[in-house]
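Order of writing sets the labels: A, B, C, D, E, F, G, H, I and J. Residues in every chain begin at 1.
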Amino acid sequence: MSIPEITQKLLAAKQNKGLSFADLEKILGRDEVWIAALFYRQASASEEEAKLLVEALELDASYIQELITYPVKGLGPIVPTDPLIYRFYEIIQVYGLPIKAVIHEKFGDGIMSAIDFTLDVEKEEDPKGDRVKIIMSGKFLSYKKW
Amino acid sequence: MSIPEITQKLLAAKQNKGLSFADLEKILGRDEVWIAALFYRQASASEEEAKLLVEALELDASYIQELITYPVKGLGPIVPTDPLIYRFYEIIQVYGLPIKAVIHEKFGDGIMSAIDFTLDVEKEEDPKGDRVKIIMSGKFLSYKKW
Amino acid sequence: MSIPEITQKLLAAKQNKGLSFADLEKILGRDEVWIAALFYRQASASEEEAKLLVEALELDASYIQELITYPVKGLGPIVPTDPLIYRFYEIIQVYGLPIKAVIHEKFGDGIMSAIDFTLDVEKEEDPKGDRVKIIMSGKFLSYKKW
Amino acid sequence: MSIPEITQKLLAAKQNKGLSFADLEKILGRDEVWIAALFYRQASASEEEAKLLVEALELDASYIQELITYPVKGLGPIVPTDPLIYRFYEIIQVYGLPIKAVIHEKFGDGIMSAIDFTLDVEKEEDPKGDRVKIIMSGKFLSYKKW
Amino acid sequence: MSIPEITQKLLAAKQNKGLSFADLEKILGRDEVWIAALFYRQASASEEEAKLLVEALELDASYIQELITYPVKGLGPIVPTDPLIYRFYEIIQVYGLPIKAVIHEKFGDGIMSAIDFTLDVEKEEDPKGDRVKIIMSGKFLSYKKW
Amino acid sequence: MSIPEITQKLLAAKQNKGLSFADLEKILGRDEVWIAALFYRQASASEEEAKLLVEALELDASYIQELITYPVKGLGPIVPTDPLIYRFYEIIQVYGLPIKAVIHEKFGDGIMSAIDFTLDVEKEEDPKGDRVKIIMSGKFLSYKKW
Amino acid sequence: MSIPEITQKLLAAKQNKGLSFADLEKILGRDEVWIAALFYRQASASEEEAKLLVEALELDASYIQELITYPVKGLGPIVPTDPLIYRFYEIIQVYGLPIKAVIHEKFGDGIMSAIDFTLDVEKEEDPKGDRVKIIMSGKFLSYKKW
Amino acid sequence: MSIPEITQKLLAAKQNKGLSFADLEKILGRDEVWIAALFYRQASASEEEAKLLVEALELDASYIQELITYPVKGLGPIVPTDPLIYRFYEIIQVYGLPIKAVIHEKFGDGIMSAIDFTLDVEKEEDPKGDRVKIIMSGKFLSYKKW
Amino acid sequence: MSIPEITQKLLAAKQNKGLSFADLEKILGRDEVWIAALFYRQASASEEEAKLLVEALELDASYIQELITYPVKGLGPIVPTDPLIYRFYEIIQVYGLPIKAVIHEKFGDGIMSAIDFTLDVEKEEDPKGDRVKIIMSGKFLSYKKW
Amino acid sequence: MSIPEITQKLLAAKQNKGLSFADLEKILGRDEVWIAALFYRQASASEEEAKLLVEALELDASYIQELITYPVKGLGPIVPTDPLIYRFYEIIQVYGLPIKAVIHEKFGDGIMSAIDFTLDVEKEEDPKGDRVKIIMSGKFLSYKKW
């Protein structure tokens, strides 16, 4: 899972500036997860968004072009080895079919879009140990019949 | 992705009884996703839960033993081929590293547990098209140093 | 690539009745490719469609239930070995990135839906040798930013 | 899916010149998808085509030799991770056998050529959302018996 | 590499009748390799060919239908383990690119068809040890430009 | 399928000299396919052959040592993606078992050697389209019993 | 690694008769490893050898036909999981290239045949712990140049 | 199967000095196969062995440190593509279970060690063609019960 | 990960008798993990051990033969999908090289045997949550030089 | 299994200073295995730990930043080829299900955490050959029901 060079430079600049993704959320008006996706070149910015980011990170304007390019997506090995990312793979292995069954029951035959899609990460404070909350929201797409 | 025989029988009984997972949620006092996981033998019931389910589905009591057994989990092919399930795999490929970056920023080095974990599926009505909402909540586990 | 049992029975019944997929197109009011997808349990019928098909094939009404079930989709080996199907895989290997480049140029960042999607197979008569024409039409989905 | 160096240079030159693949279609007299395939070194140009392209992009004549070389083709990972490209893989998984069934019914035993083959990408404007139209046309090749 | 049931029955019948593939070549008027491909359901017979074979093997007429069906082709594991078959895989690994270079030099950009294709196996007697001669003949297909 | 550096230099030199593999066949007294295999470092030359080749291509004498080294062989991905090379893989998938059946019938239990082996590529002119003819000849090796 | 049914029956009969492979070595006049290979259907017997074995094991004569058939060979998973068999795989991973280097130095470019080949297993008694001795002897095959 | 840089330098030095592995056997007092394993960094030398080798090859003393390091072992692709090395893989596929059966019969449940292990390569001169003899000797290790 | 039939019968008998592996430990005089390994046919019993087990489970004496057979070992998919078993795979991915570094520092070049090996599972009670303790003990095996 | 550059520099510095992981254990107040994991960038240090290490190794302060970064974890090939590391993989293949059975019997449905986890490597002196002792301790995590 080699990290693209531009990602490394963006991360280093962000660290030098002492900015968190949450700080960038305020500057760009986009969610921190989407911004992180932009860092890893899994999303493409508008020219305006790219400029805001490049300014915030005090980077060279030449980065703008790269950030607005539509990337070839998908970062990883077939089965992720990083424990944090693997847990999401495990959730598919264990809960994939049950989720499918419940979605079909609620919506009929179709899927949850991963394109018309948002994902938030929240921290739930809990005396028994804080919890990571992931909220995904994807448009339901019915299979078209023809 | 061959469905275990017991799953097929449970699904058939549920259909004959005209029950949804949401109906079973009221009977068992467990979330519909967890119940669907039990159907696919990705979760194990207590004896009481097993009895309630077997009664609700009017199945033979011999199913109880099977439902309380701790299963060998994991259902699928390495890369899921079903479009609905694949979208979750795609989310890992595209948003896996960004999610990791944001979780680490909020919590430090560690992971979201997939064991001390809940998952809900909700229907968000939306005039532009209903949306599937997935809410995961997993305990944050810090890496122990020793 | 083991063919599901129901598919084998549907194909046998269709052959006994001397019906082509094109004949069924007229009976069901659905495209022949979609009907073939239903045969291979890659699509789910409405109750009415299932009844029409079962009647046309003079099959037992018990098939209706199975045809309206939402199937777990995806039929094949990771790389298809059948020469006809492999050619489509080859088209992805060879023309995948070029298609991506052209779609992005015409539409921006997003994808062609494979759900809000139709596919037609036509025969183009040609003195130098008939041609297979495949027409796919999928809704363009823009990446949502959030 | 590492992009060959020549591809990167061609894409950069095209961008500097502000040319789209559609613009190049007019200059070369070849379809934009074929030209994109040439960019990704999945097709080989005639010397004349190479010259036209190199001139249009104001590149060094040394590129001509490379563009007329017959490349080793196939660009990608076994299962594509890019969502746009993956959808075509999914179409094979879901509709591969149905397409095979319909082609055989219309043509007999044989395949659609991926060599004597053309592929067009069109934009279908639609008030409910524009659609991507892919038209493939491949010569039908009957299995020779001997 | 599980052998289809029909193949086993055809092979057993052939053995009972004491017939070689070369004998069947005379009866069917087709090459022995093509007939062997038919046995392994990698080729489809015309009704007449199927009848001739079924009669020669004194099998039930019900086999005819199966022999004229267009099969899903491809028999094996990804890398063949049988030493005889593996040698052909090794030839691709070792001589694949050299063959490609020579074919391109002689014919230009294109491929050898595996559909408009014949394959013969001959025995070359040789005092230093008999030799297996494989003669493949496939139509050269030029890449179509569009 | 990354081409070794020496191969690239040999191919470039051959092109600069305007020599075909068929021309080199006359100079080296070896078949063009074997020479192409030497280019791709899938064969090792004698010192004399290496000298002849280096002289013909007007290369530095330092290449001789490399050309006489016994290489680690095997060039490619597990399943070849290049369409020309893939067709040979397809031939194994489709005709592998039939070829095995016919060879065993003609020769008994054993294999065709891929070491005591020659391979020729010929152009068969044909008004319906030229054909690629591949002739392999490998010594039959009987399984030794002990 | 599913064991073929005939292997299971041969092994059971051998056990019932209280015979070791070493005992069968005396009866058949073949090495015990070759006989074990015959049991696992990785070798084919002559009719005489098959009769001797069937008699020794007091099996039905119908086994003879099966034992003289030329099998499709290769038994296992790609990487063996059984610890005893895996050690041989490990030897290839660790000593494969060194063995290649030494064989080439002693013999030139070529291979050790695995067909004109014998393999013996011996027990070396040793006060520090008995040792397994494996002796392979394969004909050296030089690469033919053509 | 990329060869480590140190291996390439050791092989080049050995060639420049005109030494065979057999020559080095006399200098180091270790078997030629073990020395070849050291070259490929599949074995680690004592300081004394490393010095002897570095002197014999007239290399810089800085190589000593690298040669005494305990390496991460295993050189190759999962299934070896080099024909010489593949034959050993084939031997596992074909004779793996038979060898297991014979070892168990002679020794009980356990394995042949690949660590307390030696491997020799010998040339057996034979008028019908020289033979490669491989002698492996590994300590038998019984499964401990606890 | 299909469980062998004998394992299912042993597990069912154990459950019917209300015995834990810890109870069987007292009866057989073997560790509970080893006994579980015997259940899953990953270990072989002596005749006496097999008898004790069969009596304790009140099973038919015919099981004895099966339990003393030396099994083909290895149970699972290449990457385990069951979360409990996967964690051990993750430990190899994350701590494999660090463990290797520490073992080499303490012992020199060699390995921990997985054959002369014991493994215990203990429950460590802990007010912050009980802990699973795994204790492995394997003989250190030095690489033999030869 | 390419070792990250920082790991190579840390290992070289450690060697130059003549320090073992056990020595570093005293300096950092962390276990030697955890420190080795830090070297291989499978663990992240606190700023204080990073400083102590950098000072002990007399490295540049610029390493501190890298050592406190949360790494993407997982080092290796899917099936490890290094013999020492492979033995742990083998233990999963052979004892994975038995361990699962015993843990479930002692603790119920859940897993051993690999995050709230420690691992020690000890040397057990033994006249019959020293033994490697691995002690893992991971918090038991019960599956949450919801």
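Everything that follows uses one rule, which is that a contact is a pair of C-beta atoms (placed from the backbone, for glycine too) under 8 Å apart; a residue touches a chain by one contact, two chains touch by 3 or more.
Owing to the predicted nature of the structure, the values given are computational and were not obtained by experimental measurement.
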**OP:** Spell out the chains that contact chain C while also contacting chain F.
**Re:** D, E
Original post:
Which chain has its C-alpha centre farthest away from the C-alpha centre of chain B?
Top reply: F
Original post:
Expressed in ° and rounded to a multiple of 5, what is the rotation angle of the C-alpha superposition of chain B on chain J?
Top reply: 180
Original post:
Which of the two pairs, H-J or A-C, is linked by more C-beta contacts?
Top reply: A-C
**OP:** Determine the centre-to-centre distance between chain A and chain I, using the mean Cα coordinates as centres, and give it in whole Å.
**Re:** 41
Original post:
Approximately how many whole Å separate the CA-defined centres of chain B and chain E?
Top reply: 48
Original post:
Quick one: chain C and chain H, Cα centre-to-centre, how many Å?
Top reply: 54
Original post:
What positions in chain G touch 2 or more of the other chains?
Top reply: 1, 3, 33-34, 72-76, 78-83, 90, 93-94, 97, 100, 104, 110-111, 113-117, 119, 141
Original post:
Which of the chains touch, listed as pairs?
Top reply: A-B, A-C, A-D, A-I, A-J, B-C, B-D, B-I, B-J, C-D, C-E, C-F, D-E, D-F, E-F, E-G, E-H, F-G, F-H, G-H, G-I, G-J, H-I, H-J, I-J
Original post:
Tell me, which parts of chain D touch chain C in their complex?
Top reply: 1, 3, 20-22, 32-34, 36-37, 39-40, 42, 73-76, 78-80, 82-85, 87-107, 110-114, 116-117, 119, 121, 123-124, 126, 128-141
Original post:
Within the complex, which stretch of chain J touches chain B?
Top reply: 30-31, 33-34, 43-44, 70, 72, 97, 100, 104, 108-111, 113, 115-119, 141-146
Subject >> In the complex, chain A residues that touch chain I >> reply: 79, 81, 83, 86, 90, 93-94
Original post:
Mind pulling up the chain B residues that touch chain I in the complex?
Top reply: 65, 72-76, 78, 114-115
Subject >> Footprint of chain C on chain B - complex, ascending >> reply: 1, 3, 15, 77, 79-83
